[in-house]
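Right after this note come the structures.
In the two complexes below, subunit A is the common chain; its partner is subunit B in one and subunit C in the other.
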Partner chain A sequence: MKTTYHSASMELSIPSELGYEIIARDAVAVFALRLGFSPERVEDLKTALSEACINAIEHGNLLTPGLRVHIACIYDHERLIIQIHDQGLKRYACTTTPLTTAEKIAGLGSMRGMGLLLIEQLMDEAGFLPDAQDGNCFRFTLYR
Partner chain B sequence: MLEDELNVSIRQREGVSIIDLMGDVTTFAEEKINDAYRQVTEQGARTVLLNFRQNDYINSAGIAILIGIVTEVNRNNQKLAVSGLSQHFQKIFRMVGLAQYAEIYQDEDEAFQAFKSALAES
Partner chain C sequence: MSNNQSEMRPLEKIIELRLPSRLGYERVAMDTASSLARRMGFHGDRVDALKTAVSEAVTNAIEHGNQHDAAMKVVVLLTVRDDELIVSVADQGRQMLDQHSTTRIPQIQDILDKDDKGGWGIWLIRELVDEVEFTTAPSGGNQVRMVIHLER
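Now for the complex of A and B:
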């Protein structure tokens, strides 16, 4: 018998170490599939979640051992909201337009820096919470 | 601790240098991918096919490595093609603009059919 969820939530806490974003990604993917999101949308969610965790680990917590990244998933029947909270050694909300691939190839900047762009394109809503306490909080939403 | 294992190998098929990438393409893949590209270039590769296999995870750091390869391919007047990506990662490659610099094929055989057709037309 298939279970119908009208609301559900889940929280995870991972170390600031690259590689743990894969474990978080897989857990959240299973959660979204159980909630009935399509496999295609869950693939988008997996990429967005990985990129948001990498940003939190690398740019928020500056790869500092001992610091954590907290992931909260809240489902309210029509949408799945994900909040990624780091311990904010550095504020990293991006205010500049990321370079395009053509500009990167032309040598105008770093090859990195496409994570936020991917999240914004794959998710229905995405952005930093401006009044987050004790660190950066990035939130994105996937609608049904 | 959780570094991903990516297996990278190179081979030749009908004059094309193929770099097989099996596993996750992340920041940990940089040395392996760049070494493989350097090797095929030193061997005189004119066409390079990046053949992805069972790649469940390609992140923005992995994409950055591939943009670096595109830069080198342009500098060395080579041709770059990509095969074996899942539908999701084909979409990601188009989204970030990589598809403008490398033809994307479903699999290795489709890539070779296209190479042969292009050769016949030239």
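Now for the complex of A and C:
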């Protein structure tokens, strides 16, 4: 399906360093509010974006100084798509079925690794793009 | 950035923002700059001054440089140094800035006599930040570079 993007798209690039996800979070939150998303949905978006950026910094870019995280916000009237692109020092590979949040809280596994589960709960769609080039690309979508 | 520059400025970090040329989106640049400046330790009044300066610069880029063409982008670079924040705003230069306008001090009577009450933006930017420079961006458009110093 061909998607015609609204001109209200925005791109943001931050240093791959913990702390800068807060700046990205604030920038994307204002952008979503400008598009008319409710404050409640924007709060969910802020949490999801922070988690995704931290994943990119910690796991995709392995906390390596000098690398960057690129965030694209694409709006097409029906939905806001956010893509977080890291430089892929470590490629995402989900080889086993991840534990659910309830299983983790029940003590069946590490309490780490809740970020992706949280994002999936908060956003309408979320996942890694399987054919991403030059790194990992995590995408999530917020429908109107 | 060259390696030599990196060695000279080990604490320099850059945030890049590419915005649509549509009025209202200057707010994204304002709040991003504000978020960053607060975390760097700037006082509230300096953050407010920065927000106004960034708003004026991005609005100028949207209205004048890019002539409200929403397909054109405004690029905002926020460079964090240990003792200052540099904000660079560049447009794609559909209309180039008259260099004379960057140094002119607007006269209030002239403004009151005009239907368009605008024309204060560049003067305001000069009043609000520590350093201002108007140049041509690498892309060929207009670029304004604003610096505010961090006073501890």
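As a convention for this text, the second predicted complex is superposed on the first by the 120 of 144 C-alpha atoms of A that agree within 3 Å, B and C clash if a C-alpha of one lies under 4 Å from a C-alpha of the other, contacts with A are read in each partner's own complex, and residues count from 1 in each chain.
Everything below uses one rule, namely that a contact is a pair of C-beta atoms (placed from the backbone, for glycine too) under 8 Å apart; a residue touches a chain by one contact, two chains touch by 3 or more.
Note that the structure is a prediction, hence the values are computed from the model and not measured.
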Here subunit A is shared; do subunit B and subunit C fit on it together or clash?
-> fit
A:E40 contacts which: subunit B (first), subunit C (second), both, neither?
-> first
Spot which of subunit B and subunit C makes contact with more residues of subunit A, would you?
-> B
With the two complexes superposed on chain A, say which partner A:L12 touches: subunit B (first), subunit C (second), both, or neither.
-> second
Would you sort A:Y20 into first (subunit B), second (subunit C), both or neither based on which partner it touches?
-> both
Applying the touch criterion given at the start, work out whether A:L129 contacts subunit B, subunit C, both or neither, answering first, second, both or neither.
-> neither
Check whether A:S50 is in contact with subunit B, with subunit C, with both or with neither, and answer first, second, both or neither.
-> first
Between subunit B (first) and subunit C (second), which, if any, makes contact with A:I105: first, second, both or neither?
-> first
With the two structures laid over each other on chain A, which partner does A:L117 touch: subunit B (first), subunit C (second), both, or neither?
-> first
Could you tell me how near the closest CA atoms of subunit B and subunit C get once both structures are overlaid on the shared chain, in Å?
-> 7
Enumerate the residues of subunit A that count as touching subunit B in its complex and touching subunit C in the other.
-> 17, 19-20, 22-23
Touching residues on subunit A, where the partner in the complex is subunit C = 7-15, 17, 19-20, 22-23, 26-27, 30-31, 34
In the complex, the residues of subunit B that touch subunit A are 1-4, 24, 26-28, 57, 59-61, 63-65, 67-68, 70-71, 74, 86-88, 92, 95-98, 100-101
Please give the residue numbers of subunit C that touch subunit A in the complex, ascending.
-> 13-20, 22, 24-25, 27-28, 31-32, 35-36, 39, 70-71
Parts of subunit A lying in touch with subunit B, wherever the complex brings them together | 17-23, 25, 40, 43-44, 47, 50-51, 54, 100-102, 104-105, 107, 110-115, 117-118, 121-122
